[in-house]
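In the part that follows, the structures are each spelled out as structure tokens.
The following pair of complexes shares a single chain, subunit A, combined with subunit B in the former and subunit C in the latter.
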Partner chain A sequence: MHSIYSFVTGPLAWLAFIVFIGGSAFRFYSLYSLARKKDALVFEYMNLKFALRSIGHWLTPFGTRNMNLNPAMTVVTFAFHICLFLVPLFVFAHVIMWKESFNISWFTLPGVLADLMTLVVIFSCGFFLYRRIMLPEVRYLTTAVDYLILFIVAAPFITGFWVYHQWAGFPTMTILHILSGEIMLVAIPFTKLFHMFLFPFTRGYMGSEFGSVRMAKDW
Partner chain B sequence: MTESKAVKDTAIDDQGIIKGIEQLSPEKIERVINQVLKSETGARLKTYVDTCVHCGLCSDGCHYFLAHDRDPKYSPAAKVKQTLWEIIRKKGKVTPEFIENAAVVAYTQCNLCKRCAMYCPFGLDIAYVMSVMRRICHKLGVVPLYIQDTAHSHSVTKNQMWIKDDEWVDTLMWQEEEAQDEVENLRIPLDKEGADVFYSVIGPEPKFRAQLIYQAAVIMNAAGENWTMPSMPGWDNSDMCMYTGDYEMMERLKKAHFEAAANLKVKKIVMGECGHAFRSVYDMGNRALGWKMPPLEVIHAIEYYNDLFVKEKIKIKKKFDRPVTLHDPCNIVRGRGLHEMSRNIVNATCKNFIEMTPNREHNYCCVAGGGVINCGPPFKNARVDSGKIKAEQLFAAKAKGAEVVIAPCHNCHGGLEDIIHHYGIDMELKFFGDIIYEILELPE
Partner chain C sequence: MKIRPRTFKIVAMIFAISLISFAAWCNDCMDIDADVFENNKRPFVCFSHDDHNDNAGIEDCAVCHHVYEDGKLVADETSEDSTCSECHAVEGDSKQMALIARYHDRCRGCHLERKSGPVTCGECHKK
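Right, the complex of A and B next:
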């Protein structure tokens, strides 16, 4: 058990981070060079002011008409994304590991709060699953990969919750937790999870078009 | 898998599509698709297709989806699924039947109105994806017959309606003569070099709505405008080639239009009340020709009329007294932000204004735009059915008292006329030009 543990926290963790960073950099680079070659107009029309104006509206809860039309989805989406980012970065057990390995540390979330936020992520994944199955317009678009991605995102949080509470099978769960986290990292550049990095560009471009050419709002 | 109705629940009765499909082979499809994808698309299309997280949030953006009681196959992302999504996944290896459905989706189930871009959190441009699909269909020769006919007319005559050069000039002179009964010495100055305003219209105006040219002439005359209209091709600012996917022709048309104005050394182009034509000169045609913005100042009639009121160049006898509501056309509102100017004109000309909701950028489309109405009778019933949500919006405005709908766009007129008739809404449709002409105080 111990050797598996050191493998997943050692070489595998390195590999996961390298693939995540390298893969993301590669995707950015290939999209950028393709855009330079084929979509020169994107660079022509990109406009920082209007890009930020649009992004700002879309990052503000209930800042757009559509968010108001779908209040439940709005609340869940915002809560989900916020917790999804904050928990892994600021949960005490993770910060400790950074401290032990690299002697760097930062602010940590109180245990109860981190626990609640983990539940928010798990609940949100359940909500997304429910939407995928129950709403015809979402089900029509859904592929097997979409379910898989949802599972990949939920897994580290479910296992993490388990580990934190030290329930039965805790050592195995720890390894599963680390593994699932690594799988998620690796999946980001190669799946639709990459949307987190592309959002500012797609939204920013539409915001630029609407702001500087179409002279209209896009929210 | 889904409870949406089978796609081919109504057999397609369009000879352009049927004949086009008959001539396809899997090899040809694959070759053409890959040629378009490789040479004409790039990171934008890839990002739009790859980034879509299949969340369905764009659905509420599309009037087709809303009008069809939330039938999932009409959501914007579903249209990508039925077209480019599969095409990219299969690397172009799709069947003629697939192309048949894709053509129907791209040409008749999307108005390219870009409303959904304001509902998708990522701002994914479904209208652009549908344009790419149309481009592929154009290259495959699978285009609805009626709109292809207008594209043919464009390429033969440089206007949309097979109008011959002498018929065009005759029409202008006929309208001038008619107007002279009302305003003595009124002129429609042809080819006047150095005029301040070059007035261009769409092909259907001289063909079906010549009185609009008459009215514009009376308004220009009342404003004391130094204006002109061209006697030669280039007078038609419309562009169905933009919608069939024939971008080479779109470029030729826009070039002819800009050059007609440039040759006369005019200060600016003023376009009649048309939306798609404005899109073609302000958004798509200029870009295709390599101009970031139009090479000459081009303004829509709304901007022109607004200016007349702001600068008090025309006077009115009295305000139009029947209650009006205003339809915001996608191509000049989401396309050029003219919604507040439109309201300025309404307030300057009408006594009683009732907003329809949603309005401005969020207004529902007339379902005619994007060339959909130009696909003609084979698709008329489907189009009018898709106008259900628009009909409800109009009924609501009517319930608040509106009797007249102002729609400053030709396409919208066509679409709204059909909707008003089919659903028995009983409202009257008008252009701004109609209203201004009606209440205009003619100078002594």
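Right, the complex of A and C next:
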């Protein structure tokens, strides 16, 4: 137990962060090179004003037609993404470890709020799973990897909730919680989770093309 | 014999107080520096001083009750008469993050080094 704990919180944590940062830099570099080689016009059409206009609309709840057509999905997806980001960064148990390791600390969420936000993430993942299975148009686009990614995202929150409430076997679950977080970090650069970094560029390009070439809205 | 409600209440009270005291005495729980923390985020750690040191075979008080001067450990000096927060608490830090980090380093660090004792959050901060 002690050796495993030392390993997952030491060398494996470093490896996960290195792969996360290095892998993301590599993905940016390779996507940039590919675009330069195969579709250099992308860079000609990019327009900051139209890009920001589109990104702004898509970051605003119910700011697009598509969001108004699927209100349930809109509410769940916004709640999900907000909680997904805030909980790991601002939960007290994580911030204290930044303090211990790097002597830096910041604002922390009240325990009850972090607990509720964790539930939001878990139930949202359930909603996304239900949607993938039940909606024909989503099921048609779904592959096994999509289910795996959903599991990778849900796992740190399910294990975290388990550990926080100290349910049966929570010390082992703590190790699984750390491991699942590391798996998620490593998965980000190499799966569609990379949209967390890529979305300003894909959305920005669409906004640019619709705005300055087609003279149309893309929201 | 008829037991009057008042007598019953008094006996019950004495019984309850004895039970709580006995439980506290058995546990020998110490809330180390509890009053330094304004709004604690996790349950306080029940630290049973004598049991812990017997189990761990710690005889040198200075392992925990150390004295540092100018960042250097002073040999053969101990500090049982002062609280941890006297040196490790940071003024203006309402959450006492620095002090918490010192506790975690001291307890978990030693447990990891000796491969014995609790290391995950809930093993010490029991609900």
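Just so we're on the same page, the second predicted complex is superposed on the first by the 219 of 219 C-alpha atoms of A that agree within 3 Å, B and C clash if a C-alpha of one lies under 4 Å from a C-alpha of the other, contacts with A are read in each partner's own complex, and residues count from 1 in each chain.
Operating definition for what follows: contacts are C-beta pairs under 8 Å (C-beta built on N, C-alpha and C of every residue); 3 or more make two chains touch, one makes a residue touch a chain.
On a predicted model such as this, the values are computed, not experimentally measured, just so you know.
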In the superposition on subunit A, see if there is space for subunit B and subunit C together, and answer fit or clash.
fit
Determine, under the contact definition given at the top, whether A:F194 touches first (subunit B), second (subunit C), both, or neither.
first
Touch check for A:T202: first (subunit B), second (subunit C), both, or neither?
first
Classify the contacts of A:N66 with the two partner chains as first (subunit B alone), second (subunit C alone), both, or neither.
first
Quick check on the superposed pair: does A:Q166 touch subunit B, subunit C, both, or neither? Answer first, second, both or neither.
second
Nearest 10 degrees is fine: what angle do the Cα centroids of subunit B and subunit C make about that of subunit A?
170
Subunit A contact check, subunit B vs subunit C, more residues touched by chain B
Pick one for A:K99: touches subunit B only (first), subunit C only (second), both, or neither.
second
Applying the touch criterion given at the start, work out whether A:H2 contacts subunit B, subunit C, both or neither, answering first, second, both or neither.
second
Of the partners subunit B and subunit C, which touch A:A216 in the superposed model: first, second, both, neither?
first
For A:S24, using the defined touch cut-off, is the partner it touches subunit B, subunit C, both, or neither? Pick first, second, both or neither.
neither
Closest CA approach of subunit B to subunit C after superposing, in angstrom, is 36
Show me the subunit A residues, by the header's touch rule, that subunit B contacts in one structure and subunit C contacts in the other.
none
Sites on subunit A touched by subunit C in the complex:
1-3, 5-6, 92-93, 95-96, 99-100, 103, 105, 108, 111, 163-166, 170-171, 174-175
Subunit C residues within the subunit A interface of the complex:
41-42, 95, 97-98, 100-101, 104-105, 111-112, 115-116, 118-123, 126-127
Residues of subunit A defined as touching subunit B within the complex
31-32, 34-35, 37-39, 41-42, 44-45, 54, 58, 64-66, 69-70, 73, 131, 135-143, 146, 192, 194-195, 198-199, 201-203, 205-207, 210, 213-219
Considering only the defined contacts, which subunit B positions touch subunit A in the complex?
2-4, 41-44, 46-48, 50-57, 59-61, 65, 70-73, 75, 77-78, 81, 117-119, 121-125, 282-283, 287, 292-293, 333-337, 339, 358, 360-362
